[in-house]
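Consider the two complexes below, in which subunit A is the common component and subunit B and subunit C are the respective partners.
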Partner chain A sequence: MTNRIAELRKARKISQAELADGVDVTRQTIISLESGRYNASLLLAHKIARYFGLTIEEVFLFEEEETP
Partner chain B sequence: MKDFWKKIFPYVMFAAAWALILAAILLDERVPKQISLALFTSGGILMGFGAVGIALSRIRMSPEQQKEYERGEHDERNVAIREKAAMSSWYWTLYMLWAAFLVIQIFVGGLWGVAISVVIVLHCTFYMINIHRWNKKM
Partner chain C sequence: MLIKAMLTGGGDYEKSLRQRRWAAVALLAIGLVGFVCYFLLVPDSHLSEHAQGFYLGGASGITAGALVLLVRTQYLMTHPQAQRKAKIKETDERELHITRSAAQIAGALTIFGVVLSLFIVLPLSMEAYYALAGVVFFYTAVFFLSSLWLSKKL
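Here is the complex of A and B:
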(Lines of atoms letter the chains of each structure in order from A and count residues from 1; the text may use other names and numbers.)
(Lines give C-alpha, C1' and ligand atoms only; values in the text may rest on other atoms or scores of the structure.)
Protein backbone atom coordinates (compact mmCIF):
# COMPACT_ATOMS: atom_id res chain seq x y z
CA MET A 1 0.00 0.00 0.00
CA THR A 2 1.34 3.43 -0.90
CA ASN A 3 0.03 6.81 0.12
CA ARG A 4 0.01 10.46 -0.91
CA ILE A 5 0.43 11.90 2.60
CA ALA A 6 3.76 13.65 1.94
CA GLU A 7 2.50 15.05 -1.39
CA LEU A 8 -0.78 16.34 0.10
CA ARG A 9 0.97 17.70 3.18
CA LYS A 10 3.56 19.62 1.15
CA ALA A 11 0.91 20.95 -1.25
CA ARG A 12 -0.98 22.38 1.74
CA LYS A 13 2.21 23.58 3.48
CA ILE A 14 1.49 21.53 6.60
CA SER A 15 4.37 20.28 8.76
CA GLN A 16 4.64 16.68 9.92
CA ALA A 17 4.15 17.87 13.51
CA GLU A 18 0.95 19.73 12.59
CA LEU A 19 -0.45 16.70 10.79
CA ALA A 20 0.53 14.46 13.72
CA ASP A 21 -1.22 16.86 16.08
CA GLY A 22 -4.30 16.93 13.86
CA VAL A 23 -4.73 13.17 13.74
CA ASP A 24 -3.48 12.50 17.29
CA VAL A 25 -0.41 10.40 16.55
CA THR A 26 3.32 11.01 17.06
CA ARG A 27 5.45 12.72 14.42
CA GLN A 28 7.41 9.49 14.09
CA THR A 29 4.26 7.72 12.91
CA ILE A 30 3.76 10.31 10.16
CA ILE A 31 7.42 9.89 9.13
CA SER A 32 6.98 6.09 8.98
CA LEU A 33 3.73 6.40 7.02
CA GLU A 34 5.29 8.76 4.48
CA SER A 35 8.29 6.52 3.98
CA GLY A 36 6.03 3.47 3.59
CA ARG A 37 7.57 1.61 6.51
CA TYR A 38 4.26 1.48 8.36
CA ASN A 39 0.71 0.94 7.13
CA ALA A 40 -2.01 2.92 8.88
CA SER A 41 -4.95 1.20 10.55
CA LEU A 42 -8.38 1.81 9.07
CA LEU A 43 -9.13 4.28 11.86
CA LEU A 44 -5.96 6.30 11.28
CA ALA A 45 -6.45 6.16 7.49
CA HIS A 46 -9.93 7.57 8.03
CA LYS A 47 -8.61 10.34 10.31
CA ILE A 48 -5.89 11.32 7.82
CA ALA A 49 -8.30 11.32 4.88
CA ARG A 50 -10.75 13.44 6.86
CA TYR A 51 -7.93 15.83 7.85
CA PHE A 52 -7.22 16.47 4.15
CA GLY A 53 -10.94 16.55 3.28
CA LEU A 54 -10.56 13.57 0.96
CA THR A 55 -11.68 9.95 0.86
CA ILE A 56 -9.44 7.11 2.04
CA GLU A 57 -9.01 5.90 -1.56
CA GLU A 58 -7.73 9.34 -2.58
CA VAL A 59 -5.01 9.29 0.08
CA PHE A 60 -4.12 5.61 0.30
CA LEU A 61 -3.46 3.66 -2.85
CA PHE A 62 -4.19 -0.03 -2.47
CA GLU A 63 -2.19 -2.23 -4.79
CA GLU A 64 -3.21 -5.84 -5.21
CA GLU A 65 -0.26 -8.04 -4.43
CA GLU A 66 0.82 -10.35 -7.18
CA THR A 67 0.20 -13.98 -6.33
CA PRO A 68 3.01 -16.37 -7.28
CA MET B 1 -11.11 5.65 40.55
CA LYS B 2 -8.60 3.93 38.25
CA ASP B 3 -6.35 7.01 38.39
CA PHE B 4 -6.57 7.03 42.19
CA TRP B 5 -5.33 3.41 42.42
CA LYS B 6 -2.66 4.14 39.82
CA LYS B 7 -1.42 7.03 42.00
CA ILE B 8 -1.35 5.21 45.32
CA PHE B 9 -0.08 1.85 43.99
CA PRO B 10 3.67 2.72 44.28
CA TYR B 11 3.12 3.90 47.88
CA VAL B 12 1.23 0.68 48.69
CA MET B 13 4.13 -1.33 47.23
CA PHE B 14 6.63 0.70 49.25
CA ALA B 15 4.64 0.19 52.48
CA ALA B 16 4.22 -3.54 51.75
CA ALA B 17 7.98 -3.79 51.18
CA TRP B 18 8.70 -2.32 54.63
CA ALA B 19 6.07 -4.62 56.18
CA LEU B 20 7.71 -7.68 54.61
CA ILE B 21 11.21 -6.65 55.66
CA LEU B 22 9.97 -5.82 59.17
CA ALA B 23 8.21 -9.20 59.36
CA ALA B 24 11.43 -10.93 58.31
CA ILE B 25 13.39 -9.10 61.04
CA LEU B 26 10.75 -9.66 63.75
CA LEU B 27 10.14 -13.32 62.92
CA ASP B 28 13.88 -13.92 62.53
CA GLU B 29 14.55 -17.35 64.05
CA ARG B 30 10.90 -18.32 64.61
CA VAL B 31 10.45 -19.20 60.93
CA PRO B 32 12.61 -21.38 58.64
CA LYS B 33 15.52 -19.58 56.96
CA GLN B 34 13.96 -20.01 53.47
CA ILE B 35 10.81 -18.13 54.51
CA SER B 36 12.88 -15.36 56.05
CA LEU B 37 14.91 -15.13 52.83
CA ALA B 38 11.73 -15.10 50.73
CA LEU B 39 10.32 -12.26 52.85
CA PHE B 40 13.54 -10.23 52.50
CA THR B 41 13.73 -10.86 48.74
CA SER B 42 10.10 -9.98 48.01
CA GLY B 43 10.46 -6.93 50.28
CA GLY B 44 13.53 -5.82 48.36
CA ILE B 45 11.85 -6.30 44.98
CA LEU B 46 8.71 -4.43 46.08
CA MET B 47 10.84 -1.63 47.52
CA GLY B 48 12.66 -1.26 44.20
CA PHE B 49 9.43 -1.12 42.17
CA GLY B 50 7.76 1.14 44.74
CA ALA B 51 10.67 3.60 44.87
CA VAL B 52 10.88 3.80 41.05
CA GLY B 53 7.08 4.23 40.85
CA ILE B 54 7.13 7.05 43.41
CA ALA B 55 10.06 8.77 41.67
CA LEU B 56 8.29 8.57 38.29
CA SER B 57 5.01 9.89 39.73
CA ARG B 58 6.87 12.93 41.10
CA ILE B 59 8.23 13.96 37.71
CA ARG B 60 6.37 17.12 36.78
CA MET B 61 5.61 17.65 33.11
CA SER B 62 4.22 20.71 31.36
CA PRO B 63 0.72 20.21 29.83
CA GLU B 64 2.34 19.98 26.35
CA GLN B 65 4.84 17.37 27.53
CA GLN B 66 2.06 15.46 29.28
CA LYS B 67 -0.06 15.52 26.09
CA GLU B 68 2.90 14.35 24.01
CA TYR B 69 3.66 11.58 26.53
CA GLU B 70 0.05 10.34 26.49
CA ARG B 71 -0.05 10.49 22.71
CA GLY B 72 3.11 8.40 22.56
CA GLU B 73 1.52 5.85 24.90
CA HIS B 74 -1.58 5.40 22.73
CA ASP B 75 0.00 5.96 19.33
CA GLU B 76 -0.99 3.01 17.14
CA ARG B 77 2.52 2.55 15.72
CA ASN B 78 4.00 2.45 19.24
CA VAL B 79 1.32 -0.07 20.26
CA ALA B 80 2.17 -2.20 17.19
CA ILE B 81 5.90 -1.98 18.07
CA ARG B 82 5.18 -3.11 21.63
CA GLU B 83 3.08 -6.05 20.37
CA LYS B 84 5.77 -7.16 17.93
CA ALA B 85 8.50 -6.75 20.56
CA ALA B 86 6.46 -8.80 23.05
CA MET B 87 5.94 -11.54 20.46
CA SER B 88 9.66 -11.68 19.59
CA SER B 89 10.56 -11.71 23.27
CA TRP B 90 8.22 -14.67 23.82
CA TYR B 91 9.98 -16.66 21.09
CA TRP B 92 13.47 -15.72 22.29
CA THR B 93 12.56 -16.73 25.84
CA LEU B 94 11.21 -20.04 24.55
CA TYR B 95 14.40 -20.76 22.55
CA MET B 96 16.56 -19.87 25.58
CA LEU B 97 14.48 -22.12 27.83
CA TRP B 98 14.86 -25.01 25.37
CA ALA B 99 18.62 -24.41 25.17
CA ALA B 100 18.84 -24.32 28.97
CA PHE B 101 16.72 -27.49 29.13
CA LEU B 102 19.08 -29.35 26.76
CA VAL B 103 22.21 -28.16 28.58
CA ILE B 104 20.74 -29.15 31.96
CA GLN B 105 19.59 -32.55 30.68
CA ILE B 106 23.06 -33.29 29.27
CA PHE B 107 25.24 -31.93 32.08
CA VAL B 108 23.10 -31.78 35.23
CA GLY B 109 19.81 -33.66 34.94
CA GLY B 110 17.65 -34.44 37.96
CA LEU B 111 15.26 -31.95 39.48
CA TRP B 112 16.65 -28.99 37.52
CA GLY B 113 15.50 -30.67 34.29
CA VAL B 114 12.02 -31.12 35.75
CA ALA B 115 11.94 -27.52 36.98
CA ILE B 116 12.87 -26.09 33.59
CA SER B 117 10.30 -28.28 31.80
CA VAL B 118 7.64 -26.91 34.17
CA VAL B 119 8.74 -23.38 33.25
CA ILE B 120 8.52 -24.23 29.51
CA VAL B 121 5.03 -25.69 29.96
CA LEU B 122 3.91 -22.62 31.96
CA HIS B 123 5.43 -20.29 29.35
CA CYS B 124 3.40 -22.00 26.60
CA THR B 125 0.26 -22.31 28.75
CA PHE B 126 0.20 -18.57 29.50
CA TYR B 127 0.60 -17.94 25.77
CA MET B 128 -2.34 -20.19 24.94
CA ILE B 129 -4.49 -18.67 27.71
CA ASN B 130 -3.81 -15.20 26.31
CA ILE B 131 -4.51 -16.33 22.74
CA HIS B 132 -7.86 -17.68 23.93
CA ARG B 133 -8.59 -14.51 25.93
CA TRP B 134 -7.87 -12.21 22.99
CA ASN B 135 -9.69 -14.52 20.60
CA LYS B 136 -12.81 -13.94 22.67
CA LYS B 137 -12.23 -10.19 22.93
CA MET B 138 -11.56 -9.47 19.24
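Here is the complex of A and C:
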Protein backbone atom coordinates (compact mmCIF):
# COMPACT_ATOMS: atom_id res chain seq x y z
CA MET A 1 0.00 0.00 0.00
CA THR A 2 1.34 3.42 -0.92
CA ASN A 3 -0.05 6.81 -0.02
CA ARG A 4 -0.11 10.43 -1.15
CA ILE A 5 0.23 11.95 2.33
CA ALA A 6 3.52 13.77 1.67
CA GLU A 7 2.29 15.05 -1.71
CA LEU A 8 -1.03 16.30 -0.30
CA ARG A 9 0.63 17.78 2.77
CA LYS A 10 3.21 19.70 0.75
CA ALA A 11 0.57 20.92 -1.72
CA ARG A 12 -1.40 22.37 1.21
CA LYS A 13 1.77 23.70 2.92
CA ILE A 14 1.09 21.74 6.09
CA SER A 15 3.95 20.57 8.29
CA GLN A 16 4.26 17.00 9.55
CA ALA A 17 3.73 18.27 13.10
CA GLU A 18 0.50 20.06 12.11
CA LEU A 19 -0.85 16.98 10.35
CA ALA A 20 0.14 14.78 13.30
CA ASP A 21 -1.63 17.16 15.67
CA GLY A 22 -4.70 17.21 13.45
CA VAL A 23 -5.12 13.45 13.42
CA ASP A 24 -3.92 12.78 17.00
CA VAL A 25 -0.76 10.83 16.28
CA THR A 26 2.93 11.52 16.81
CA ARG A 27 5.03 13.22 14.15
CA GLN A 28 7.10 10.05 13.96
CA THR A 29 4.01 8.15 12.78
CA ILE A 30 3.49 10.65 9.96
CA ILE A 31 7.17 10.26 8.99
CA SER A 32 6.81 6.46 8.95
CA LEU A 33 3.59 6.66 6.92
CA GLU A 34 5.13 8.99 4.36
CA SER A 35 8.19 6.83 3.95
CA GLY A 36 6.03 3.70 3.59
CA ARG A 37 7.59 1.95 6.59
CA TYR A 38 4.24 1.76 8.37
CA ASN A 39 0.72 1.18 7.07
CA ALA A 40 -2.12 3.10 8.71
CA SER A 41 -5.06 1.33 10.32
CA LEU A 42 -8.47 1.85 8.77
CA LEU A 43 -9.33 4.35 11.53
CA LEU A 44 -6.18 6.43 11.00
CA ALA A 45 -6.56 6.23 7.21
CA HIS A 46 -10.10 7.58 7.64
CA LYS A 47 -8.89 10.41 9.90
CA ILE A 48 -6.13 11.41 7.47
CA ALA A 49 -8.44 11.29 4.46
CA ARG A 50 -11.01 13.39 6.33
CA TYR A 51 -8.27 15.86 7.34
CA PHE A 52 -7.50 16.43 3.65
CA GLY A 53 -11.19 16.43 2.71
CA LEU A 54 -10.75 13.38 0.49
CA THR A 55 -11.79 9.74 0.48
CA ILE A 56 -9.51 6.97 1.73
CA GLU A 57 -9.03 5.70 -1.84
CA GLU A 58 -7.82 9.14 -2.93
CA VAL A 59 -5.11 9.20 -0.25
CA PHE A 60 -4.16 5.53 0.10
CA LEU A 61 -3.41 3.51 -2.98
CA PHE A 62 -4.05 -0.20 -2.56
CA GLU A 63 -2.03 -2.40 -4.87
CA GLU A 64 -3.49 -5.80 -5.74
CA GLU A 65 -0.86 -8.49 -5.27
CA GLU A 66 -0.07 -10.40 -8.43
CA THR A 67 -1.50 -13.91 -8.36
CA PRO A 68 0.46 -16.72 -10.03
CA MET B 1 4.33 0.47 32.10
CA LEU B 2 2.11 -2.59 32.39
CA ILE B 3 -0.58 -0.61 34.23
CA LYS B 4 -0.41 2.15 31.63
CA ALA B 5 -0.73 -0.42 28.85
CA MET B 6 -3.64 -2.17 30.54
CA LEU B 7 -5.49 1.01 31.41
CA THR B 8 -5.10 2.89 28.14
CA GLY B 9 -7.66 2.45 25.42
CA GLY B 10 -11.35 2.40 24.84
CA GLY B 11 -11.22 5.94 23.52
CA ASP B 12 -11.80 7.70 26.86
CA TYR B 13 -8.38 8.85 28.06
CA GLU B 14 -9.81 10.79 31.05
CA LYS B 15 -11.41 7.56 32.27
CA SER B 16 -8.12 5.72 31.72
CA LEU B 17 -6.36 8.30 33.89
CA ARG B 18 -8.95 7.97 36.64
CA GLN B 19 -8.54 4.16 36.58
CA ARG B 20 -4.78 4.58 36.57
CA ARG B 21 -4.98 6.80 39.65
CA TRP B 22 -6.98 4.14 41.50
CA ALA B 23 -4.47 1.50 40.39
CA ALA B 24 -1.66 3.70 41.75
CA VAL B 25 -3.48 4.06 45.09
CA ALA B 26 -3.99 0.27 45.26
CA LEU B 27 -0.32 -0.33 44.48
CA LEU B 28 0.69 2.24 47.09
CA ALA B 29 -1.44 0.40 49.66
CA ILE B 30 0.31 -2.88 48.81
CA GLY B 31 3.73 -1.22 49.10
CA LEU B 32 2.87 0.40 52.44
CA VAL B 33 1.48 -2.87 53.84
CA GLY B 34 4.78 -4.44 52.74
CA PHE B 35 6.70 -1.76 54.66
CA VAL B 36 4.56 -2.15 57.79
CA CYS B 37 4.98 -5.94 57.68
CA TYR B 38 8.70 -5.56 57.11
CA PHE B 39 9.14 -3.46 60.26
CA LEU B 40 6.57 -5.24 62.47
CA LEU B 41 6.65 -8.88 61.44
CA VAL B 42 9.84 -9.63 59.54
CA PRO B 43 12.34 -8.99 62.41
CA ASP B 44 10.76 -11.78 64.49
CA SER B 45 10.37 -14.15 61.54
CA HIS B 46 12.72 -16.90 60.41
CA LEU B 47 13.38 -15.24 57.06
CA SER B 48 17.00 -15.27 55.94
CA GLU B 49 18.86 -12.02 55.43
CA HIS B 50 18.59 -12.53 51.69
CA ALA B 51 14.80 -13.02 51.89
CA GLN B 52 14.48 -9.94 54.14
CA GLY B 53 16.39 -7.87 51.59
CA PHE B 54 14.12 -9.17 48.83
CA TYR B 55 11.07 -8.26 50.97
CA LEU B 56 12.29 -4.71 51.60
CA GLY B 57 13.32 -4.29 47.96
CA GLY B 58 9.90 -5.43 46.78
CA ALA B 59 8.04 -3.10 49.14
CA SER B 60 10.30 -0.15 48.24
CA GLY B 61 10.00 -0.78 44.51
CA ILE B 62 6.22 -1.05 44.58
CA THR B 63 5.88 2.07 46.77
CA ALA B 64 8.23 4.15 44.62
CA GLY B 65 6.57 2.99 41.39
CA ALA B 66 3.11 3.72 42.78
CA LEU B 67 4.14 7.20 43.93
CA VAL B 68 5.62 8.08 40.53
CA LEU B 69 2.48 6.79 38.78
CA LEU B 70 0.21 8.69 41.18
CA VAL B 71 2.06 12.00 40.86
CA ARG B 72 2.33 11.76 37.07
CA THR B 73 -1.32 10.78 36.66
CA GLN B 74 -2.45 13.61 38.93
CA TYR B 75 -0.31 16.05 36.94
CA LEU B 76 -1.82 14.86 33.66
CA MET B 77 -5.35 15.16 35.05
CA THR B 78 -4.80 18.79 36.02
CA HIS B 79 -2.75 19.98 33.03
CA PRO B 80 -4.77 19.70 29.78
CA GLN B 81 -1.84 20.52 27.48
CA ALA B 82 0.37 17.83 29.03
CA GLN B 83 -2.58 15.44 29.01
CA ARG B 84 -3.11 15.90 25.27
CA LYS B 85 0.60 15.27 24.59
CA ALA B 86 0.59 12.16 26.78
CA LYS B 87 -2.62 10.92 25.20
CA ILE B 88 -1.18 11.20 21.67
CA LYS B 89 2.03 9.49 22.78
CA GLU B 90 0.26 6.67 24.62
CA THR B 91 -2.52 6.03 22.12
CA ASP B 92 -0.51 6.52 18.94
CA GLU B 93 -1.20 3.38 16.90
CA ARG B 94 2.38 3.03 15.68
CA GLU B 95 3.70 3.26 19.25
CA LEU B 96 1.16 0.61 20.32
CA HIS B 97 2.19 -1.57 17.38
CA ILE B 98 5.84 -1.23 18.42
CA THR B 99 4.99 -2.13 22.03
CA ARG B 100 2.98 -5.19 20.96
CA SER B 101 5.68 -6.36 18.56
CA ALA B 102 8.41 -5.85 21.18
CA ALA B 103 6.33 -7.84 23.70
CA GLN B 104 5.90 -10.65 21.16
CA ILE B 105 9.63 -10.78 20.44
CA ALA B 106 10.49 -10.64 24.15
CA GLY B 107 7.96 -13.40 24.93
CA ALA B 108 9.21 -15.65 22.13
CA LEU B 109 12.88 -15.18 23.04
CA THR B 110 12.18 -15.65 26.76
CA ILE B 111 10.34 -18.94 26.24
CA PHE B 112 13.08 -20.07 23.85
CA GLY B 113 15.69 -19.28 26.53
CA VAL B 114 13.69 -21.03 29.23
CA VAL B 115 13.24 -24.22 27.17
CA LEU B 116 16.96 -24.17 26.33
CA SER B 117 17.77 -23.70 30.02
CA LEU B 118 15.64 -26.71 30.96
CA PHE B 119 18.20 -29.00 29.32
CA ILE B 120 21.09 -27.20 31.02
CA VAL B 121 19.68 -27.10 34.56
CA LEU B 122 18.19 -30.62 34.66
CA PRO B 123 21.47 -32.32 35.57
CA LEU B 124 22.41 -29.47 37.93
CA SER B 125 19.34 -28.67 40.05
CA MET B 126 15.92 -30.28 40.19
CA GLU B 127 14.46 -27.18 41.97
CA ALA B 128 15.59 -24.91 39.14
CA TYR B 129 14.28 -27.44 36.63
CA TYR B 130 10.82 -27.48 38.28
CA ALA B 131 10.76 -23.67 38.44
CA LEU B 132 11.62 -23.37 34.74
CA ALA B 133 9.19 -26.15 33.77
CA GLY B 134 6.54 -24.22 35.73
CA VAL B 135 7.27 -21.12 33.67
CA VAL B 136 6.90 -23.13 30.43
CA PHE B 137 3.64 -24.67 31.66
CA PHE B 138 2.31 -21.26 32.74
CA TYR B 139 3.26 -19.67 29.40
CA THR B 140 1.57 -22.49 27.46
CA ALA B 141 -1.58 -22.34 29.60
CA VAL B 142 -1.84 -18.54 29.35
CA PHE B 143 -1.24 -18.71 25.59
CA PHE B 144 -4.03 -21.25 24.98
CA LEU B 145 -6.49 -19.63 27.41
CA SER B 146 -5.94 -16.15 25.98
CA SER B 147 -6.21 -17.55 22.42
CA LEU B 148 -9.51 -19.15 23.36
CA TRP B 149 -10.78 -15.94 24.99
CA LEU B 150 -9.66 -13.76 22.09
CA SER B 151 -11.18 -16.09 19.47
CA LYS B 152 -14.54 -15.72 21.23
CA LYS B 153 -14.13 -11.99 21.79
CA LEU B 154 -12.93 -10.93 18.31
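We take it that the second predicted complex is superposed on the first by the 67 of 68 C-alpha atoms of A that agree within 3 Å, B and C clash if a C-alpha of one lies under 4 Å from a C-alpha of the other, contacts with A are read in each partner's own complex, and residues count from 1 in each chain.
Keep this in mind: a residue touches a chain if its C-beta (ideal position, glycine included) is under 8 Å from a C-beta of that chain, and two chains touch if they have at least 3 such contacts.
These numbers were taken from a predicted model, which means no experiment stands behind them.
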First, second, both or neither for A:Q28, with subunit B first and subunit C second: both
Which superposed partner A:L44 touches (first subunit B, second subunit C, both, neither): both
Overlap of subunit C and subunit B interfaces on subunit A (superposed complexes): 24-26, 28-29, 32, 38, 40-41, 43-44
Interface residues, subunit A side, partner subunit B - complex: 24-26, 28-29, 32, 38, 40-41, 43-44
Complex interface listing, subunit C residues touching subunit A: 87-89, 91-95, 97
Subunit A residues within the subunit C interface of the complex: 20-21, 24-26, 28-29, 32, 38, 40-41, 43-44
Subunit B residues within the subunit A interface of the complex: 68, 71-72, 75-78, 80
